[in-house]
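So that you can tell them apart, the chains are marked A, B and C in the order they are listed, and the count of residues begins at 1 in each.
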Amino acid sequence: MKVKTKHIMNLFYIPALLLFVAFVVYPFTQGIRISFTNWNGYSQAYKYIGLDNYIRFFKDKNVLGAFVNTIIYGFGSTIVQNILGLAYALFLNSKFTGRSVVRAVIYMPVMIASLIMGYIMYFLVQYDGGAINDLLILFGKAPVDLMSQGPRAVLIMTLINILQFVGISMVIYLAGLQNIPEMYYEAASIDGVNAWGQFKYITLPLLMPAISSAVVLNLIGGLKLFDIIMALTAGGPGYSTHSLSTMVTNMYFRGQHAGYSATIGIFTFIFIMIVSNIIVRYFDKKEVEM
Amino acid sequence: MKKFASIILGITLSMMMFAGCSKAPVETAPAEEAASTEAAAPEAKAETETAPKSDVKLTFMSSMVGVPSEALEQACKDFTAETGIAVEYSAPGANYEELMKTKMASQDLPDLWNTHGWSVARYSEYLRPINDQPFAKDIVDSIKPLITDADGQMYVLPSDVDLAGIVYNIDVMDKSGVKVDDIKTWADFEAACEKIKAAGFTPVHIGGKDNWTIGQYFDWVAPSFYITNESKNYRDAFKDGSFDWKNWEEICAMLDKWNKAGYLNVDALTSDYITGAKALGEGKVGFEFYGNYAITEALGAFPDAKLGMMPVPAKDASDQPTLIGGERLATGVWKDSPHMDEALQLLNYLARPEVCAKLATANGTPAGLKGVESDTGIIKPFYEKYANVKTFPYFDREYLPSGMWDDLCITGANVLSKQEGAIRDAAKHMETSFKDKFSQK
Amino acid sequence: MVQNNKRAAIWRTPLAIIIVLIHFAPIYILLGMAFKSPKDVTSRWILPGYIYKQNFDIAINKGNMLAGLYNTTIITVSCIVLIIVFGALAAYPLARNRSKFNGGIKAFVLGIMMVPPLSILVPLYTVMAGLKGTSTYWGIIVILTAFQLPMSIFLYTNFISAIPTALDEAASIDGCGPFRTFFLVILPQLKPITASVVILTGINCWNDYQFSLYMLQSPKIKTITLTISSFFSQNSNNVNAAAAAALMGILPVILLFLSLQKYFIKGMVDSAIK
């Protein structure tokens, strides 16, 4: 293509870039500035304190806890969502009655706001009158206060996130599967390749682009998990179920450490950036190899 | 679509076959509920019909929810009807403080707002002093020191005076054989808890899912340990920042003791305030550490509940039980409001005796202006009974720097989750945060 | 797949039923609670044998659900239009030019996608307050658009990359500049992927809570999520009315999904497979 055309085409970026700069980049740089202050988040008076917030950040064991939780929310959701999503897709790729119903029921929760999903889930996990405890009582077991222990609550919320968003991976994989020509399998069957072999040598490699899309979408969603946590535990008991995102709000509004909150926010951004870049690169390479 | 809808219905019905279905309970209250919503609806419509005669539109942000919020909104509407000045009233509920912080940070404040106990420590930077207003001289004396800053400036109109103790269910006390008048110290309180537990009730309910409830314990208990005893207290130590936080372990240890002794509800970490208030009304719970709004809330669900309020016990026999007092519904005006005159007009309207009385009545609290009588309902005998009990300000507002409520809740939650060394860590955490925020001031 | 024989078909139905039961359970519980009287203390697994309409009356009258639906619709529709136009525009050079500059843009767009919205909330609020954009439709619309654009650019870029460049070249030979090429050649081909952009980003705008909470403070401009969350915090003693409110809030999106399902899957096929 001509060089001049290319330059004109670059004008197409302008509307999007303007929005990004005004409403994302500029506020973000302001966030960087705030991270060097001891601002309490509402007063007009504050002073610059250099790197104190960053030093504190690396010594703070509550933030470390939130970091570990974020990894569980992000990677835990991604791994299970993709395995389960692929399994659902393989299952639904075969024809049987009620297939479209199953697909719609799995996908439906994706449409529901996470916050509302969190409220609904509270009806299930509540200690007093919660639906899950009703089942436990029915089977003669003692009711359990499910969300009272940090690690267990983190796992439950990861599960809820999976249950809500597995539909995304499922649909992406379904699409991927339907794009694989039937004749590949026919040829493989004639050559005597068994089902597992077909899956390993035909399905999986040809699904690589779908896997890449699904993993990146799930990962960014899981690492930014916020609404469900706010609706179910608000980070409690103590700091035990915070993700980095909820920690940012908590430090800002309730802890009144706006400077420190900004520091955590910047770190969260850098972390998500690095992880997704590694993943995107990995899949790009995989796809090229094939 | 149609096919799908019928299938969803099918799934639901077949799940129902497994689970069975419940019968309609005997209806008593719902009819009233429906009636009350119907009554509320025309009011909401009336709002849009009132055409403002003036171009000015005041914004008013309220921290109130429920009945008090409705009363305040009604007062704003009456003001509009009288003066033609429109008022845009909003009550964001749980997110109020967060919204106000963003608004302060951006210097984009409403013309009037509620200060929920923080008129001096947090909001005074943005509020117009009201000492020159006609109602200033009528503010009741007990609340004056709480809303006055070091320079003698007051920033808000207090519509009522909060007076709080421990709320309790009278029936539970009777059935457990507990006489609240005999509870003078925390040791007495624990003995009462033991009796209530033995009678099969939950002695104390904490709703730790809500991010403010655990802090209530500290706000209620800390004064008796560190403040109220005239002969031995740490008032100055908190004020000058020299408090030895090792002492804080005492009250954490007491919470831990209650928790391990089974005086608290099993789901203290995951239950919430509303559930607690309901359980109080239902007669499942003995005591709760909330203001009298919990009584109003419990009565909303169980109108026939017999509930009471008692002073907070003392640490030991050398001191007397006390009550907690402070601002509740207090309103201030933004110092840079573009509609200063109209905003002050509204503030003075709210200060009128008949309006002030209505607002205080909605809160179930005594009025904040002299010569104004409010109807405090079932709590009235208790206000009269304890009229001479000494009152202290809310602990965190008076003795801790702004922003430490979260630290109270977090450390309390750690103690409740029975973590190893939580008591020591709690005191340390409080010390670090206190020093940090103290120096920020 | 070919290996799907009769034997496999036998376990398919029970498995399908189990999957449906698990995924449908939360909505089932919600349905049951929404139609139950607050005085009914039976287990939440048990549906009421009657219909208790008052829950919905309370939700509509006290909760202002209808105003919430109206505001959300205006905001979402406007956002979608902007997201489609700006997204497709930016995606075109990104898909066609493989230069270092474009590589940088691509990384930048991905980076925007990863900014945790709350970490920039206060500076963003200050910007909006300065522009007098708080509690206005346009204020929330530009913010949501800015945060949803990367997703739209991402999807459109993948899709346009799959359109043969021969088409552009033919247009160019016919004397079309890049603008005309884009509007006459590329844009008409984007229909299938647009369906999925609409659903994917539209749903995020519809369900937004984090930005709306801070940017839309006037009660007249509350969205459906805000309405429901304030209804929950103020009426949590009446869980059944709250459930009714939640049900009313999710119903529109679910109905929309059910009617647009086919387009959505089709769009997904085009987007996920480069």
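Everything that follows uses one rule, which is that contacts are C-beta pairs under 8 Å (C-beta built on N, C-alpha and C of every residue); 3 or more make two chains touch, one makes a residue touch a chain.
This structure is a prediction, so every number in the text was calculated from the model and none was measured.
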{"item": "Chain contact topology (line, ring, star, complete or other)", "value": "complete"}
{"item": "Pair sharing more residue contacts (C-beta pairs) when B-C is set against A-C", "value": "A-C"}
{"item": "Chain B-chain C separation of Cα centroids, rounded to whole Å", "value": "37"}
{"item": "Rounded Å distance, chain A centre to chain C centre (Cα mean)", "value": "15"}
{"item": "Shared interface positions of chain C, touching two or more other chains", "value": "20, 24, 41, 43, 45, 121-122, 126, 258"}
{"item": "Chain A: positions in contact with at least two other chains", "value": "41, 98, 100-101, 104-105, 249, 252, 258"}
{"item": "Contacts with two or more other chains, residues of chain B listed in rising order", "value": "4, 11, 98, 102, 105, 107"}
{"item": "Chain A to chain C touching residues, read off their complex", "value": "1-2, 5-6, 8-10, 12-13, 15-17, 19-20, 22-24, 26-28, 30-31, 34, 41, 88, 91, 93-94, 96-102, 104-117, 119-121, 123-124, 129-131, 134-135, 163, 171-172, 174-176, 178-179, 182, 185-186, 189, 195, 198, 209-210, 213-214, 220, 224, 226-227, 244-245, 248-249, 252, 258, 261-262, 264-266, 268-269, 272-273, 276-277, 280, 287"}
{"item": "In the complex with chain B, residue positions of chain C that touch it", "value": "20-21, 24, 28, 31, 36-43, 45-50, 52, 54, 57-58, 61-62, 64, 121-122, 125-126, 129-130, 134, 213-214, 217-220, 230, 233-234, 236-237, 258-259"}
{"item": "Residues of chain A touching chain B in the complex", "value": "38, 40-44, 98, 100-101, 104-105, 126-128, 145-150, 233-240, 249-250, 252-258"}
{"item": "Partner chain A, residues of chain C touching it in the complex", "value": "1-4, 8-9, 12-13, 15-16, 19-20, 22-27, 29-30, 33, 41, 43-45, 85-87, 89-90, 92-94, 96-97, 99, 101, 105, 107-124, 126-127, 142-143, 145-147, 149, 153, 165, 168-169, 172, 177-179, 182, 203, 206-207, 209-210, 225, 228-229, 232, 239, 242-243, 246, 249-250, 253-254, 256-258, 261, 264-265, 268-269, 271-274"}
{"item": "Chain C-facing residues of chain B, complex", "value": "1, 4, 11-12, 15-16, 19-30, 33-34, 37-38, 40-41, 44, 59, 61, 65-66, 88-90, 92-95, 98-99, 102-103, 105-108, 272, 274, 277-278, 297, 300-301"}
